[in-house]
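Okay, got some structures for you below.
Consider the two complexes below, in which subunit A is the common component and subunit B and subunit C are the respective partners.
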Partner chain A sequence: MPQFPFHRTRRSFLAGTAAGAALSVLAFQARAQAAKEVPLAEYTPEYLSPAEYAFVMAATARLIPSEGDGPGALDARVPVFIDRQLAGDFGIAADLYMEGPFNPEADPNLGTQTALPPAEIYRQGIPAFDIWCADTQGGLFADLDTDAQDIALTALSNGEVGLSADLREFWSLLLQNTKEGYFCDPQYGGNAGMESWVYIGFPGARGNFDDWVGRQEVYPLGPVNIAGERA
Partner chain B sequence: MNRVLRVLLIVAAIAMVAFLAFLYVPVQRTPAQMVLAADYAVPEGAGAYAMRIADCAACHTAEGGQPFAGGRAIISPVGTIYSSNITPDPETGVGRYTLSEFRAALYDGVRPDGSHLYPAMPYENYRKLTEQDIRALYSYFQNDVPPVKATQPLNDLAFPFNLSWGLRAWKWVALGEPGFTARSSDADLARGQYLVEGPGHCGACHSPRNALMAQAALTGADPAFLSGGQIAGWTAPPLRGAISAIQGWSAHDITLILATARNAHSAINGEMQLVVRDSSQYMTDGDLTAIAAYLGALNQRAPKPAAEGQTDTEKLLISADPSMDLGPRLYLDNCAACHFTNGRGADEVFPELDGSSLVTAESPTGLISMILQGGELPSTAVRPARLRMPGFAYRLSDDEVATLATFLRQAWSNNTDAVTVDEVSGLRQLDTAN
Partner chain C sequence: MARTDPKKDVVIIGLGWTGSILGMELAQEGLEILALERGPDRETVPDFEYPKVIDELKYGIRLGFMQKPKKSTLTIRRTLDEVAQPYRRLGSFLPGDGVGGAGIHWNGQTWRPLEIELRLKSYVEETFGAATIPDGMTIQDWGVNYDEMEPYFDRFEYMAGIAGKAGNIKGEIQAGGNPFEAPRSRDFPMPPMKQGVDAQMFAKTASALGLHPFPRPSANATQSYVNEYGMQLGPCNYCGFCERYGCANYSKSSPQTCILDALKRMPNFSYKVNSEVLKIELAEDGKTATGVTYFDEAAQEEVFQPADLVIVAAYSLHNVHLMLLSGIGEPWDPVQQTGTTGKNYSYQMNGATSLFFKDVEFNPFAAAGSNGISIDDYAISQIDFAKEGFIGGSYITAGISNGQPIRGISLPEGTPSWGASWKQGIGDWYGHAMSIGSHGSNMAYRDCYLDLDPTYTDPHGRSLMRMTFNWKDNDIRMTQFMRSKIEPIAEAMQPDSWQSSYKAEGAQYDVRPYQTTHNVGGAIMGTDPKTSSLNRYLQAWGQHNVFVMGASAFPQNIQYNPTGMVGALAYWAADAIRNDYLPNPRPLV
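Let's turn to the complex of A and B:
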């Protein structure tokens, strides 16, 4: 899949930083908070329908796959994060300016050009994308094999799946929310067990590393989250 | 035999008469301790200032209530007591008090009707007020405070404090001589002694109490005076002696903490916050300097030798070694952001935890409360910022708080007993109940 830009490369990049070098040491320390929670497959979404949830599971699993040297999106429970965000203020664009005018022709640098709030973009974007998948790949996205899924996501990322102008943000939203769910504080449902923080060597919400500024060494202590849990 | 009986009867009769006299002889009211000129007039502003240095507001103004209308609940070891309305309202306040009745309330703890005030009203200390300050206060509470009609709930006290004669007997034992005697001819030291022993009633909290719940000493000549006390479960640290933190402080450190609730070492929490908020921040520079001079004289000032190098605690914290115990780990995860790995915080912003009297107090109540609930410094004219420390009750279990508190009490140069989980659970329940 040479044309798919997000496969492995981003994690290799992260793991390649100085912080990443400590990962193998730290990984075993991660406390499996996730174990306390219901398995992803049994999670009852607050916003997403069963079909939409199946899509989000399948899509995020390809954006950050589990078959690598760190946790994947599903290990980090990214779908839970996305569902909870869409069910809340983020989903209804409570904090966004939504009065328009919207001009689908506008330069993407001018920002979002749709009257649809994020939850609605997922609601309309998923079936529209599934139609494209069915037509070109022979099935709904969630039912495709991983190679076909990667081809579909690549097409989506290149704007080649014929989405309406209103849904222009679907891909960037999906990708952004996947990253957010991967690296968020665990209180938001993602980054289960702080495993993605452990993976990149991010020490979490500790607040003061004065003593370590300028030291050319790996900071050895695992992360702490906003709830004060340790990993 | 008959003779013995007769003697016993006579003794009993005398005791009975003495007891009846004790009950029924009118209470004595201490007269003015100094004769002022017949045309003496209270100087402009002296009334309000005397009210500030004596901190009448601390007890007589309920939180969010009308000024001096009373009703503040004071929880004491012998029961709950409600402060009086001391606005000039004639029915519910002190509007009908004569000067000598007002003086008697402050000197003798006696109301105009002869009933006795519970010593939550610090007349043990106010007994030393000068006649000028009595006049100033009288004028202030008759003329400068707006009258408010307000009654307060009945006191709920245990024996013998619920009985008038019990209080009377208590006063016979507890009260010292009225009036103030300076022990130094130095004007600053004398003024400092007056403020501390008299109106400032510092000893009401900072001196221990004896078996009768009276202040163990009322003057600096007695080493028990300001040697440390308890208030509302918190420790009012010793202000003198080898274990007092302030003996390592400069005079500037002392004036600064009284004026702003913060200095290079410490921050003020607990009941002392009310002292700073309502009283000491209003003291003139001259009076603050006098208090600092007097407290300095009670201590052989011994500035702490500058710490050499890093302590073991600091080294451990800096190492960020994943195998460290839970205590230091909790400190790094929760506290080091502001109080730093050397436990010395930042001057006037983040107080020192190394050598802090709050951290090392015998009773860990104050420390546990700080960790669970956090704190907020009062805004003062000189330092308006209400510096806040967040509470950690939501973030730390009782076990973790006990482990962290124990670590702090033994970290850096601190060396005090461990804290138990039960102590933490008890305080957490109290907090959630309130």
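Let's turn to the complex of A and C:
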């Protein structure tokens, strides 16, 4: 049976060890750096407009809420990640085949067929979804209470909000990008403090588990990121 | 516009596994060789350096080492009357590009096919009767037999440094190995990998059920190793970043770790990167190639590179695309059933059962691409096709290859995909799930093939290739049979819960989720120019100085990962070129 599951009681475990003392210094440094990041509400988006950013904040807060165990999407700074991705190569579909003719209504099994790159899907998808929210829930998504937001997201996930075929991928992009921002290396702006990795017990970029293969025990060390910081 | 460069003895298209092998073998003959690679150069340092390669978003999700559809893709449809749509974003399969090709980002599972798989059609007809083969299934024999290929499997495995445990050495069954495998002349060059908790649990249960577990053969080294070219591998440290990544640790067999540094020292070998071959040029009579035309990205111009011998060694799909664009062979016509180029494209039929154990710590991040425990009790050679109603088989494995969280955390059925319950689910179940997977054969069919798309073009103005492919009842029955064998094993392991995912009746090919990059066929080898593109030495029937490497030569897919067969065929063809063709260039059959 597990004895020292770091992802549950890491702080109490580390507090009692000499290694904990050393790790705590580094952890403090990592946290000190995180503290220098501007609060989410004051972040200036590179791509998203203020209204779009408010939507991304509100939507990701429901996709991975802060309540319960583990960080939520806002704690992990997922909106910053999404904004930076949309501002970069991912947003402009730099790697994708974007030659026409486009048949966005083709069978979904044949993959994405829209002419819109991901950043544009967000740009057109957010107001289209907001119209549905206003019609059925009485307000823009970001202004709804959390129960109404969950109803709206459920409808979006079921393809029930009347989006055009060009926006068919809006839901899957939003959910996928949210999980990417939750679990990515912190260099991309999400997974702040590596708390998402700590929560599930993923040790990040340690890159060597030779002495841990086949051992039925909880791995005792917390994660490191690519920059070499410890959580 | 096109520049013409001085003639070479040999031009090699693509510098992955087979291009590197042919480069080395033919360089040893003293020939002047130029390899043309469409992608960038890649070396362990700096391209796979720790820690920057341990980046799930960049390489595992944004697919940093893979082909960019913007530069090269194909169109896909399921049936002859559907309009094919471009494969705009990579999903179902992930072709590589750049030096090393798919050889850098594979997991390293390195198998040999069964003896009967190389003469599948004859085996089925002799054993079960020709009527067992359903209408529309176009399986064929390969034109080579296992015994003559055995030295070349051995050569590839010792060059690449494969870790495993033999189950059959010269007919003697070996305890702890795969008793159903074809006979080997000797054991693997390295002992098997360490096994995770999941594989150990599976092995114990499988043994108790009277099955025959053995360690999966692996191109992840288990000790320090020096191969025939003087290249060195170091033991794998189970970093958990194998498939989709280059290896930071010189442990995964790849062209980089096993061949290229030695090859680059050969003064008569050179290579150019960012040089995509556009066409294989043929002589006026069409009976030989005169060289290739490629696009030199640095010079921004087309170049004609004359050569006496053309080795086509790109990824299987690109080999076929080049043949279609160059007029090598007649295109396959699925209605008239004439022609050969593009014929018998096939894939791989896989399925899995996931098991959840709340009190077991699997530590999925402590993993390698190809450790794991397999059974081959339901191999293609062990099944009565007449009784079961399908042709095919599968090996079955438990072996976690990574614990990367964006790529997916297995959650019990009914867990929502978002919201508070999802978050609770990942906390509860990360590290507490394993799976038992079936890796199965896929037969060839009249209407599963490759040709040129009528509408879409690439940046060079060439027609994209069009893939027509769908799942067929035969292969769905095979995977459902495997389900019926795997689920009792899963139940016997007494998980808290389990769930299955196998293709069911009516399943339609979906290009979106990743399935496997085992795309085979389209330039198939065989015994008859009317029914195959290549003879048994991988030589084009119509152009004797064109040899086509790779899994495009498979007449239908085997039940195993293809690289072992691809490597053996490369050495087999190289041997024929060195000892038979070069002294007297001609059709070898």
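In the analysis below, the second predicted complex is superposed on the first by the 195 of 231 C-alpha atoms of A that agree within 3 Å, B and C clash if a C-alpha of one lies under 4 Å from a C-alpha of the other, contacts with A are read in each partner's own complex, and residues count from 1 in each chain.
To be clear about the criterion, contacts are C-beta pairs under 8 Å (C-beta built on N, C-alpha and C of every residue); 3 or more make two chains touch, one makes a residue touch a chain.
Because the structure is a prediction, the values reported are computed rather than measured.
By the touch criterion defined above, A:64 reaches subunit C but does not reach subunit B. With both structures placed on the common chain, the touch criterion links A:230 to subunit B but leaves subunit C unconnected. In the superposition on chain A, A:145 makes contact with neither subunit B nor subunit C. When subunit A is checked against subunit B and against subunit C, the one touching more of its residues turns out to be C.
Within the superposed three-chain model, A:212 lies in touch with subunit B and with subunit C [touch as defined at top]. Legend: residue contacts after superposition of the two complexes on their common chain; A:98 is shown touching subunit C, with no touch to subunit B. In the superposition on chain A, A:221 contacts subunit B only, with no contact to subunit C. Residue contacts after overlaying the shared chain place A:106 against subunit C, while subunit B stays out of touching range. Counting contacts as defined above, subunit A residues 206-208, 210, 212, 219, 228 meet subunit B in one complex and subunit C in the other. Listing the residues of subunit C that touch subunit A in their complex gives 50-52, 54-57, 61-63, 68-70, 73, 76-78, 82-83, 85-89, 91, 194-197, 199-200, 235-241, 248, 359-361, 363, 365-368, 371, 403-406, 409, 417-420, 422-424, 426-427, 430-431, 455-457, 508-512.
For subunit A in complex with subunit B, the residues that touch the partner chain are 26, 29, 206-208, 210-212, 219-222, 224, 227-228, 230. Chain contact summary for the complex, subunit A toward subunit C: residues 1-2, 7, 62-65, 67-70, 72, 90, 94-99, 101, 103, 106-113, 150, 153, 157, 175, 178-180, 183-185, 188, 196-197, 199-210, 212-219, 226, 228. Against subunit A, in their complex, subunit B makes its touches with residues 317-318, 320-322, 329, 332-334, 336-338, 340-341, 392, 394-396, 400.
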